[in-house]
Structure formats: structure tokens, C-alpha cells
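Next come two complexes built around chain A: one with chain B, the other with chain C.
Moving on to the complex of A and B:
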């Protein structure tokens, strides 16, 4: 797989993740400990299904972080030991009135 | 603090890692636990320092993991550091990989007004 294919791939992944996130988490959702797990699972399942359909020689890791908005701050950092030419990362944040959502996708070339 | 990889791994004839060269979550979890307790005990959340603290922890974990015997593994470390104001939150991850050799280890830490979650993913490169 060439570098160009990988670059297109990363943007595609990001757009898919954003679409899925906005489908699952609507503007009026409040943090709900009973459903939070299923929201996370839905986002990740949809994302991985769409990525699998692309049929590219990549392994995908999706992490989903959903937090109740009450003024608390948070930071996220990632470091990777991989081949910078073929592997990539993209993270997508969603700003909803009552929730903070962060979806990070790592695409690792096989 | 990025070190570009000037060397790459070429394909090997081995299809799978040897038993002593696999990603063992228990060993990685111990490393992460030690680093979190050392770096975060007695620390309180401050916006100015949280970003560099998160990066520092990620880098440390990655460096320590490289010292474990996992020669053909690509390692990804993700660190979340946040302020604890009794809010609810959930961290989840899902992967599309080879479950026989790829694995992950996660560890969380909470004290005072700070919480931290570290996830380490190891993916075998054939």
C-alpha cells in the first residue's frame, strides 16, 4: 500500500467516525450510566463495520471516551511506536450540550 | 518530543511471535501501574500542566514497553488525564485485529481531584 492510499484512508476514517458519533449521540442526550455502555459499543461497532468494508490491509483500533459535561477539564495524549510512513491516527471530538465525546482511531498497516 | 522512525521493519518469515516475545498484558499493566503511581501521587489537576503530564506519561510507558521483549510489536499508548468533579465518564475501546497475537493492557488511577486512564495496545507486525 502506498503513502497516498494511506492519506486518503485517514480522512475517510475520520469522516466515518464523526458521522457515526453524531448518529448515536443526539443533541439532547444526557449522561446516563445505564445506557452509556451501549452508546460506546454502538459507536465502535458501526465504525469498525464501516472500516472493515473498506477492505484495506489495516488493523484498526477505536477508542471512545464519553464524559458528562460539568466543567471538569481533561486532556488526552497518544504516543505510538510504529512505522510513520504507513500507520496513522485520527481523533474526532464531538461537542454536545451535555456530553463530551472523543473518538480516536489508530490504523496500523499489516 | 517526537523521534521519527528512520528505520522500518521489513516483513519477516515468521508468521507468529515466539512465546517469550508476545505482548503479555500483565507485564505491561504492572509497568503502567508503577508509572502512574510514581507520577501522579499527590498531584492535583491543573490545566497548564495536564497536557505535558499526559504526554510525559505516554512517552514513559512507551519507552518502558520497548524494553520488554516484544521485537515485532507496534505499540500504541493512549493516556487520558482529567479533573475529578464527580462527573460520569466512560472509556471504551474496540479493535479489528488478530486476537491471537494482538492484545491490550489498561490501567486507571484516581486520587484527589485527578483521574487518569492509560491504555496500551500491542499489534504484531508480520
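Moving on to the complex of A and C:
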């Protein structure tokens, strides 16, 4: 399927985010309050750089959530008020031995 | 065409959403069977409220409910948009058994 100039494949954004997440968060990382901010920043900055390269008329919001695996439960939901024909959302989760990671990408057509 | 800036709405949004979330949490204890419905209905209620405040924005609302315990947690957001007109608000509330973090993004179109 070929894309128009103002279309994106939301799954592609998700795959990029997953690849970046798995590069930054390695299997042996423990929750570290001193470095956690820089891990989140790395994931988000790398994602946004890749999305910017697509040069499509979209605004992007990337949310990164990292939590220590200690048995506590959590739930995340998103609701969006937008044009469902042109805008999209994708969430990717990473299950690492000591961390839970969730990256959500909102792509809004301008 | 001059676009309305999200900065104008920010304070009203923060006040309204704080009230909604605190009211929602006030009588609840973390329950893993219910929490999925709670996050969904809370974020829908927030979007309905936001729609009444402005029709010049697309809104994205993310709602996280986290059980209180020993786990550390970090949430960050980054946005690629027009910072003159677009904006975000982060709301943090809690009760005895859980934290609720809501991120609201307003994108002008």
C-alpha cells in the first residue's frame, strides 16, 4: 500500500519506539532513580528524531513510563478527541526482568 | 489566522481536572478488577469536560493509576509541535491506596 505525502503508518512509529526502547533498556537494568530520567529522555529524543525524519505534516507527543517491578499494579488509559481519519495512537510495552516500560505515541495531523 | 493558545486555557483545565480526579478518587480503594474501567471512564470524562472549554484544539488525555507500594516510577513526555499554540498539563492526585497521574495535551489545528 503506498502512502500519500500526508499519511503515516502508525505501526511503523510503534516499531521504531520498540527498537529504541530495547536499545536503551537492557535486560539487566535495575530501577535507578539517578539515571531513570536520562533513560526516558534518550528513548523519547531518539523516537522524536526518527519521526521528524519522516517529514510528514504531523505533530507528535511521546510519553514514556518506566516502573520498577515490585508487584504493584498499574493501569494506563488514553482518550483522544481528534479526527479519527487522520490522527492515531500506538502504545508499546516492554517487559524486562526488573522494569516495566510503556511508550505511547500520539500522532496528530496538522 | 490567529490560533488560540493553549496557555490561555491551562489554568482552567488544571482546576477542572483536579476537581474531577479528586472527586473520583475520594471513595475508592485500588482494585485490580475495576481499575481498567476506572482509567477508561476517568479519561473519557476529562475529554468531555475539555470539549466544553474549547473547540479549537484536539485533546489527548492519558490517565495512569498506580497502586501505592514500594515501586519506583517515572513518567516523562516529549512533544514535537508548535509551542506557541499547543500545550500540556500534568495533574497528580492520590488517596490512601493509589496515585493517579493525568497528562492532558492540547494540539491546535
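The rule is simple: the second predicted complex is superposed on the first by the 102 of 110 C-alpha atoms of A that agree within 3 Å, B and C clash if a C-alpha of one lies under 4 Å from a C-alpha of the other, contacts with A are read in each partner's own complex, and residues count from 1 in each chain.
Basically, a contact is a pair of C-beta atoms (placed from the backbone, for glycine too) under 8 Å apart; a residue touches a chain by one contact, two chains touch by 3 or more.
Note that this is a predicted model, so its numbers are computed, not measured.
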{"item": "Clash or fit (per the criteria above) of chain B with chain C on chain A", "value": "clash"}
{"item": "Touching partner for A:42 - first (chain B), second (chain C), both, neither", "value": "neither"}
{"item": "Contacts of A:76 with chain B and chain C, given as first, second, both or neither", "value": "both"}
{"item": "Partner chain in contact with A:98 - chain B first, chain C second, else both or neither", "value": "neither"}
{"item": "Touching partner for A:84 - first (chain B), second (chain C), both, neither", "value": "first"}
{"item": "Common interface positions of chain A, toward chain B and toward chain C", "value": "31, 33, 36-37, 40-41, 44-45, 47-48, 51-52, 59-83, 87, 104, 106, 108, 110"}
{"item": "Chain A contact footprint on chain B (complex, rising order)", "value": "4-5, 8-9, 45, 47, 50-51, 53-55, 57-59, 61-62, 65-66, 74-98, 102, 119, 121, 123, 125-126"}
{"item": "Interface residues, chain A side, partner chain B - complex", "value": "31, 33, 36-37, 40-41, 44-45, 47-48, 51-52, 59-85, 87, 104, 106, 108, 110"}
{"item": "Chain A residues touching chain C - in the complex, by the definition given at the top", "value": "31, 33, 36-37, 40-41, 44-45, 47-48, 51-52, 59-83, 87, 89, 104, 106, 108-110"}
{"item": "Of all residues in chain C, those that touch chain A in their complex", "value": "30, 32, 35-36, 38-40, 42-44, 46-47, 50-51, 58-82, 86, 88, 103, 105, 107, 109"}
